[in-house]
Amino acid sequence: MIPLTYYLILSSIVFTIGLYGIMSQRNGVRLLMSVELMLNSANINLVAFSSYNDDMSGQVFTLFSIALAAAEAIIGFAILLSIFRMRDMINIDDINILRW
Amino acid sequence: MMAVDIAGIGELIMFALVSTLTIIFSILVVTAKDVVRASLSLIVTLVSVAGIYVLLNAQFIGMVQILIYVGGIGVLILFAVMLTTQELKGGSDD
Amino acid sequence: MINKAINGAVALLFLAVVALAIVTTTWITVDELPQNLADQSNIEAIGVQIFTQFVIPFEVLSLVLLGALIGAVYIAKSEVEK
Amino acid sequence: MAIDSLAFLIPLLPALAFVITFFFGKKMYSGGALIPIGAIAISCIISILITINLLQNPEVVVHQSYPWFAIFNLGILIDPLAGVMLCMVTFVSLLIHIYAVGYMSHDPAKPRYFAETALFTAAMLGVVLSDNILQLFICWELVGLCSYLLIGFWYQKPSAAAAAKKAFLTTRVGDVMFLTGIIILFSSIFTIYNGNLPEGIYVLQFNEMFKLIPELSAMHTTILGSEVSMLTIITLLFFGGAVGKSGQFPLHVWLPDAMEGPTTVSALIHAATMVTAGVYLVARTFPMFMGAPDALIVVAYVGGFTALFASTMGIVMNDIKRVLAFSTISQLGYMMLGLGMGAVVGMEAVGVSMFHLINHAFFKALLFLCAGSVIHSVGTQDMRQMGGVGKVMPITFITMLVASLALAGFGIPGTQIGTSGFFSKDAIIETTYLFGEHTGNYIPYIFGIVAALLTSIYIFRLLFMTFTGKARTDYGGHESPSSMTVPLSILAVLALIFGALTQTKFYRFLDETFINNFVHVNIGDLAELGNYHLVHGHHGEPLLILWMPIIVGVAGLLISFLIYYLKVVDMSKIVSRNNFVFKLLYNRYYQHHIFIEVISLQLTYGLSLVGEFIDRKIIDGIIDGISDGTIAIGEIIRKIQTGVVQSYATAVIAGVGLLIILLKLIVEVQ
């Protein structure tokens, strides 16, 4: 059997890649994609723990998490779209109307 | 004993394969120059994560992952890319 | 470019910390991945859990999705009528 | 017990009001203000009825609990501590809502305002009602979010948006500490039970937490070579959360800036509710603090220092609301100081501190609402442009005067005559004296008494500069509408008499908090754990100590009166006396007039110059230096703030990583 550690390391690597994306990307859509990566790594963790502890709640939480990710993607996309309508770009460096 | 070992090795190989896929394509997501390419890599990443779920004996979650993530969010992100890219904008919306 | 280098360094630092924590922790696990032959894909177990123990979060989730739907429509609709 | 079963309505009604007002408020009268007002009024009535029940029967508390998931639950706990908080929050919130109908009448975004304040009230009530620390934390975060929304209510103003962000991020520092405390607490409990959490009990409920205090206190970990008990770490982290929320010393920076919101928001957030959440948290988990003597000392010192530090800054401010903001920080410092005295007076510290909290809520809300009334009428927040407002706004002036007297703590010791602030503040100062007497450490007392003097100076400076004298600019003020003056009057009456009415009852009532059918704590055991010698019945203070707070209060009033009311007279008197002395000397020693002139001029003028130098450069210099230093440090630090969220995120992640490595290097958990 594969040790649990492998899955955790895999998930932390995917999470780090997502994190790097969050920190370095300037394009709104790419930011959203990086967030999806991070969410997925969290889900891998949940499912891995669920399987290795023989406890089904982890998988139920994964389902919830997937549904919430869908909601989050929809909202993020809607915001990007409305910003794009207003400004004709989605470079988040230039979206600073809420900034002081 | 031997059989178990072989099964274990097979599992390990599968895991190595799927996790390599996941990592390579998720790196592509953040490094690819073209946004469309990045979003397609994201979809591949999501599919391989579904593979990991299956390896973890969570087949149902794997199915849901493919249905919702790949089918729903993947398409949504592709749409987002199409709708918010300047070059492709002409006449697509409005 | 310098920014990307800093970001990469920070991400690697994070990965190092997390990986270290994962490797040094002793995880308590079952000996063999559980295999329920009657319910290979866990659908039944998950369904039972969702509709018994987690029924309230499940209902709340439906409201969240509805809210997301309405919010998305509201945000993304064109502002011509204003 | 019919009324107990309605307890869940207390937070639920304002939450419902939020939904209704938010979505349908536009079409209703006055932006749907009546919905939250009605909801909070019902909550207020329910809370008062429950509290009256409790008052008659304090050992039977209202406790309802429902399983949430796994080992967590959702629950309602109304014991005397929560009961008085509930009444205070709902009542002050109700008055502020009524006041806001008049104050916000010209604002187009009224529905959003009323929806957000209703949500804020609901969240705050959630904090108060929680029966477990996790639920408290969730509501705590919701309070933080609402404060962000409300401070940034006029988000079109860049300064308001910045202030909202600052408040959110600064309190977030405290919140992270709080969360860390909860996590450490949970993992410690897990260790205590050897990983087998007992079935059927929720370990994060307050009573379960308190039962484990001896075990937690026995767990040790090594930090930088010295052994620290787990309980101390947990309580210090909890206190960190309270520091962020209650604007204590290192994290107080957000509170003055938060005055960018509407004045009603300032009154709601900075007088009655949000900032007191930190004090409430410490009071709620007070048995744990009792078991950790080091943490209690930290609470006392941070509180005392904050009380002093903030009041020095209050003296130099010219913005009326900022003076009040610093005053709030200072008074919260007093409450923390009072809690920190638990090492000597035991559970009575909770009573003393909560009494000040309640009284402070009344008079500080009143001060803010009066300031709001003045701002509403005059149209500026700068006190240098006001003056003589008392003539055009008599009701506001009288209520403000009452509030100022209460803040400065005026009353006659030994009798039942006095403003509410007098009873509560005196109690805290006396407790610090008692602390000094029993431990030989008079520093908290000095903090308290000096801060009391400064408090009196700045509040009367505000009063004289704003309401008396001649109008310095042409502002054409008018008295506010009755929806604003009625709440002012109610609060003024309460600020005046509440203390005298409830003083003795209050302590006895709150002493029951940790001895009832739900939470049961043995004070003696805790005192043994912390090596305390608790003192009961303290009436042996010297007369001077009893009178000291009122003496410094009057002294402050006189100083302000001389400087800010008689300012013109005083100055001209000095000038004329100079002339008079000069002339007298000139006439008498006519032949030596050049010599005398030189002497008189040189000496008198020189002396007055020295006096002026001491006054201007040294005294003002110290005070200005503090504020200039703060500003200068701020100028340096603000360079780091690029405003790009991503770079913040990068910094946060790098910080967390480095912190973990650092902790790994210096901490060895045993």
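First chain written, first letter: the chains are A, B, C and D, and each begins at residue 1.
Rule of thumb we're sticking to: a residue touches a chain if its C-beta (ideal position, glycine included) is under 8 Å from a C-beta of that chain, and two chains touch if they have at least 3 such contacts.
Being a predicted model, the structure only gives us computed values, none of them experimental.
Centroid distances from chain A, each centroid being the mean of CA atoms, peak for D. Taking each chain's centre as the mean of its C-alpha atoms, chain B lies 52 Å from chain D. Taking the mean of the C-alpha atoms as each chain's centre, chain A and chain B sit 13 Å apart.
As a whole-number value, the distance joining the C-alpha centres of chain A and chain C reads 8 Å.
Chain geometry summary: the mean Cα position of chain B and that of chain C are 15 Å apart.
In chain D, the residues that touch at least two other chains are 69, 650, 653. Of all residues in chain C, those touching 2 or more other chains are 7, 10-11, 14, 33-34, 42, 46, 53-54, 57, 78, listed in ascending order. The multi-chain contact residues of chain B, meaning those touching 2 or more other chains, are 56-58, 60-61.
Chain contacts here follow an irregular pattern that is not a line, a ring, a star or a complete set.
On the chain D side of its complex with chain A, the touching residues are 69-70, 155, 158-159, 161-162, 165, 643-644, 646, 649-650, 653. Taken in their complex, chain B has these residues touching chain C: 56-61, 63, 94. Those residues of chain C whose C-beta lies close enough to touch chain D in the complex are 6-7, 10-11, 13-14, 16-17, 21, 53-54, 57.
Only residues 33-35, 40-43, 46, 78 of chain C touch chain B when the two sit together in their complex. By the touch rule above, chain D contacts chain C in their complex via residues 69, 650, 653-654, 656-658, 660-661.
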